[in-house]
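What follows are several structures.
Consider the two complexes below, in which chain A is the common component and chain B and chain C are the respective partners.
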Partner chain A sequence: MIGKAAAGGVVETAVILIVAAALWFAPAFAGDYWLQIGFRALIYLSLAEGWNLMAGSAGLVSLGASCFVGLGAYVVFGLLNKLDMPPPLALALAAAAGGALAAFVSPALFRLRGLYFTVGTLALAELLRLTMINVSLFGGATGIFLAQDPPDLPALFHCALVVAFLASLAITFCARTRASVILRAVRDDEDAAAQMGVRPFRVKLAAFALASAISAMAGGVQAIKLGAIEPYGIFGLQWSIDVLSMAIIGGVGLRLGPLVGVIFVIALGELLADYPEAHVAIAGVILIVLIRFAPRGVVGLVAYQKLASRRPATA
Partner chain B sequence: MRHPTKTCLAAAIAAASFGLSQAHADEIVIGASLPLSGPLAGFGSFQQWGYKRAVDEVNKAGGISVGGKKEMVKLIIRDDKTDPNATAANTETLISRDHVVAMLGSCTPALVNAGALVAERAKKPLVTGCDPLEAFKSVRKWKWVWDIFFDEPDLASVELKAVADLGAKTNMKIALWHDNGPDGQVVGGQIWPNVAKQFGYEVVQNAEFPVDNTQFTSIIGEAKSKEAEVVLVDAITPQAVAIRKQMAASGYTPKVLNIEKGAEPVQFAEALGKLADGVLVGGYWDPSFPYPGAADLAKAFESETKLSSSQHIADSYAAAQVLLDGIAAAGSTDPEKINAALAKTDKTYVVGPVKFDENHTAKLPVVSLQWQGGKTVVVWPKSAKTGDLLFPVP
Partner chain C sequence: MPDIGVALSTIASGVLLGGILALTALGLSIVLGVMRLVNLAHGEFLVLGAYAGLFFLQFTGVDPLLGLPVIALLLAAFAIPLYRWLLQPLADRGPEAQMMTMFAVSIILQNLFVLAFSADTRSIARDYAALPLTLGPITVPLIYLIGFAISVIAILIVNWVVSSTAFGRDLRASAADAEAAATMGVDVKSVRMLTFALGVACAGMGGALIGAAFQFGPSSGGAYLLNSLAVVVLGGLGNVLGTLAGGLVLGALQSLGGLTLGDGYRDLVGMALFLAVLAFRPDGFLARGRP
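== the complex of A and B ==
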């Protein structure tokens, strides 16, 4: 079983490599609009991949994505403004900061399970947001402006592509190796997994730290693009809600779920953008209908229909 | 059951896709990202009305002459949901998909800055109101963005000037309460303490609170115990309403109560009823101002929407007029020519004279407004007043 999964992992890695290589040349032929959309999709894909690893594979449903997006943004701005550090190094350190914060808070957060963990991550995000608002060292509610001009759009697109590529590779590793079995064992029954010799704390920590590092790096890239950050926007709950809804719409725990969810939500947002008075209501109705009739997400619905269509032939 | 679901989804997406805007070659396309939902939706609706009215008027007059040919103006508005990330994304899309030649701004420093930075990088002119000038200037040296609004030091000092000039007697003990938002920190944290000292007040309390704070009883209790007869507050509307209600519940009524920012929209008076009476708020526009079209603008808004007018219809209407005049003066849709024409703006609009300085800002004169019977009256300066100061606060 694992051997088959590992073979699938090689194919998946090859596909990710080919797609990333093809997308690298997108700025040469795609217009600014498509690069902007692509940038947004890649940032959200990175975040949704990390969230899907935590919730879908490890059973850690988080509402704290905004916490790590914001942390990454502030770390990157601090390093660029104060130390004039090269952006790739600043992004790598932002990822390390995200992972380190996850490791620091995990002893407390992992004492909470299920919905309590979810509320705990929400509280963590709020704690960090309020800290940034109230500490003038971090710019207070005014926030921080990037001292240097941000790179041009193709360079930002490449940055987002690298982050999404690293995120996808990491998730593929987790989904196609023995780690996948261990994660699911912890997700399905933490106590039973512990009885079998799995160390749930370490497994959950690995998933949490990896997802947090990815989120922080994505937040750093987003911040560079914005050129200005303030705590209400960059630590906004909207990040967590967007990522959660993308993963749920695509299909929680399904490998293609985040990708499909990201494409669906961004496409819907763009299609409805010309109806500013009604878009929130229309998007809400569409999402309610989708969740009602496709509770396992778009990918789950398609997979179920494929299975259903094969049934008569195999009977 | 599954097939109807798929059909519904496909139909919904297809229906939405028909909405993809296609600019015609003979149209001048401008755009704006506004907070039409979220906490600042109240401001966004006023701005949307102001922007649309200015564009409609130009189109009714036959459009703008570009290259010797009259062209209609198309205004594309997107909702930023009061989220700076969405403002930036909307502005990028307006530029890259809708190919706007110039833009109008959102509201509050955080939202305006997010869009303005995108416009600056893309070298597209953007004219905005609704962004206090000090906050605007602190971001960077702007080249493509223009701001028409009030200056924080003017607004911060107007009420104490009014109280002194109108001879309202107090024990000269003052309490300053302000949120820790960008303008709250500037006005409450820096300007008010200095201005209060200049006017001879003893600052007995200077309290800062988070923008979304809801509990103010301890701050109120301290001011009451220190017998402050003048209270200056800088907070957004929900907090301003909570503060006034909690003051009443605590039995604390200072002789002078000024609430900046939050006491400005009509929703403040609607939420408080008689408790709003006597509250002072700095203003930069009133329909009674002697500028062309001021009274008509408020009447048009109230007859069209059946709502009370707001200052924001004026600054947004003026910002749009300034931009449209800039395009007309440039006689071109070339962003550089429009930007150069904007720099030469020197005309009296509905908000007063507009002429940009080297920081790309045009300062609006401020007055002291007071809520009286559910409406604001101008109580100072005497040259502009439409009513007498209600003193002390009832």
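== the complex of A and C ==
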């Protein structure tokens, strides 16, 4: 069993490596339109992978992606503007800051289970946003500009690709090693897991901190692309909601869920771009229908149908 | 240090406003308590109540504050099919499915508000709304006092319903342990439906009061959702009188924060308080500790 899972992990890692290597050369072939879309998809993929790790494996449903996206953005801008740091180092430090914030707030957020975590992450994002608005050191409501020129689109695409690659590798590690068993034990029954010698707090914290570090890094790359950040946008609830809906549409807790969800939502947005006045409402209706009739998301729907057609007698 | 009269007036306004906040939060609180649902469309129901008040005034000429019961009924009638068709089928699928459905409802409503009523900010224009009310050194807008009084009455009525009627008994049983309640013959489905309707009706009434005191627009809902959540956490989940206390405390502290630190810090104080209570007194600051 373990041997099979580990072998699957090797295959999965190889697939991720090959796909990432292939995508590395995408800027040579793809036009600006596709690079823009690809960039957005990679950023959202990183965020959704992290969200899926927390919710699908550790049972932590977060509405606070924007909190860590915004934090990463501000940290990266600060380091680039004030210390003139090389961007990769700044992004690594942003990831560290994301993990540190997660560790700092976790005693409060984990105190009660379930909905309180969701509500707490929502409030945390709002608190950070209001802090940035009110403290002039952080640029207040107008935000901050990036002092140096932002890199060109291919370079940004490569940046986002690296972040998504690291995120996917980390998630594969969590899903294919002993860590996955521990995570799921905590999700399904915290008390029983604790009885078996697992420390739920540490396990949840590890998932939360890892997801937050990824989100902060993704936020930093997004900020460099924007060239200017302001608290209303970068801490906007929209980030949290987008990530949540992508993960749910794809299929919570399924390995391919985030990827499929991201592609689905971004493609939907592009298809509906011609109907701006009803775009949001149509997306909402599709979301409702999917939640109702595809409980395990698009991936779950496809996988279930495959299973049913293979074994018609038992279905 | 600002003038003492100004300070007292600010705090009094904050407390009065807190009463209105409590009514808006009550809807969120009972839905959260009974259905374990963070109603992400709560803010939009509030805005819907404000629009309802606006058009009620335009079409009937009757003051929307007198028409509050009608607005409450309208919103409840709107909530019941929503519950039957969207939420009930998801009842045994964990909290995320219902929460995301309500999020979808919220973006659909926002979009419909823009299509139907345009993106303009509006307010329910009443000539008494701008009148000041002076009592000694304290001056508050009259509408705050009226809104406060109405809110407190509405909250006391809801409290009576929850604590002293047969429906309230079923509601409390369903909140404490839905399975056990169902075994004892409580029709949990109907209780949840009526609770949702009651919650939306409270949000609508609160929204109409907010609409009379402030401006509102299609996207005003989000800020009220967060404020309401803060009140709910302060007062304790599903605790009706606790919600009232939470609203008053939040209103007072927000106005104090705005007064001492500058106006921009009003909401910051609210959120910081929210997180602090979540961290140290997760069942609300009134709770006597958990069993």
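Just so it is clear, the second predicted complex is superposed on the first by the 312 of 315 C-alpha atoms of A that agree within 3 Å, B and C clash if a C-alpha of one lies under 4 Å from a C-alpha of the other, contacts with A are read in each partner's own complex, and residues count from 1 in each chain.
Keep this in mind: a contact is a pair of C-beta atoms (placed from the backbone, for glycine too) under 8 Å apart; a residue touches a chain by one contact, two chains touch by 3 or more.
Model, not experiment: these values are computed from the prediction.
> Sharing chain A, do chain B and chain C clash or fit in the superposition?
On the shared chain A, the partners clash.
> Per the contact definition in the header, classify A:Val280: touching chain B only (first), chain C only (second), both, or neither.
Both chain B and chain C are touched by A:Val280.
> Answer with first, second, both or neither: which of chain B and chain C does A:Phe145 touch in the superposed model?
It touches chain B, and chain C stays clear.
> Is A:Ala294 contacted by the first partner chain B, the second partner chain C, both or neither?
In the superposition, A:Ala294 contacts chain B only.
> Just chain B (first), just chain C (second), both, or neither: which does A:Glu270 touch?
first
> Classify the contacts of A:Ala103 with the two partner chains as first (chain B alone), second (chain C alone), both, or neither.
Neither: A:Ala103 stays clear of chain B and chain C.
> Given the touch rule stated above, what does A:Val252 touch, chain B (first), chain C (second), both, or neither?
second
> Is A:Gly227 touching the first partner chain B, the second partner chain C, both, or neither of them?
A:Gly227 sits against chain B, while chain C stays out of touch.
> Of the partners chain B and chain C, which touch A:Ile241 in the superposed model: first, second, both, neither?
second
> Please report the chain A residues shared by its interface with chain B and its interface with chain C.
Residues common to the chain A contacts of chain C and of chain B are 130, 133-134, 277, 279-280, 285, listed in rising order.
> Can you list the residues on chain A that touch chain B in the complex?
31-33, 35-36, 40, 130, 133-134, 140-143, 145, 149-150, 222, 225-228, 230, 232-234, 236, 238-239, 267-268, 270-277, 279-280, 282, 285-286, 289-290, 293-294, 301, 305
> Chain A touches which residues of chain C in the complex?
Where chain C meets chain A, its residues are 32, 36, 38, 86, 89-90, 93, 95-97, 99-101, 103-105, 107-108, 110-112, 114-115, 222, 226, 229-230, 233, 262, 264-265, 267-268, 271-272, 274-275, 278-280, 282.
> Would you mind writing out the residues of chain B in touch with chain A in their complex?
1-2, 5, 8-9, 12-13, 16-17, 19-21, 34, 36-37, 76-79, 81, 83-86, 88-90, 92-93, 95-97, 109-110, 113-114, 117, 121, 135, 138-140, 179-182, 184-185, 210-211
> Which positions of chain A touch chain C when the two form their complex?
55, 61, 105, 107-109, 111-112, 114-116, 118-120, 122-124, 126-127, 130-131, 133-134, 237, 241, 244-245, 248, 252, 277-281, 283-285, 287-288, 291-292, 295
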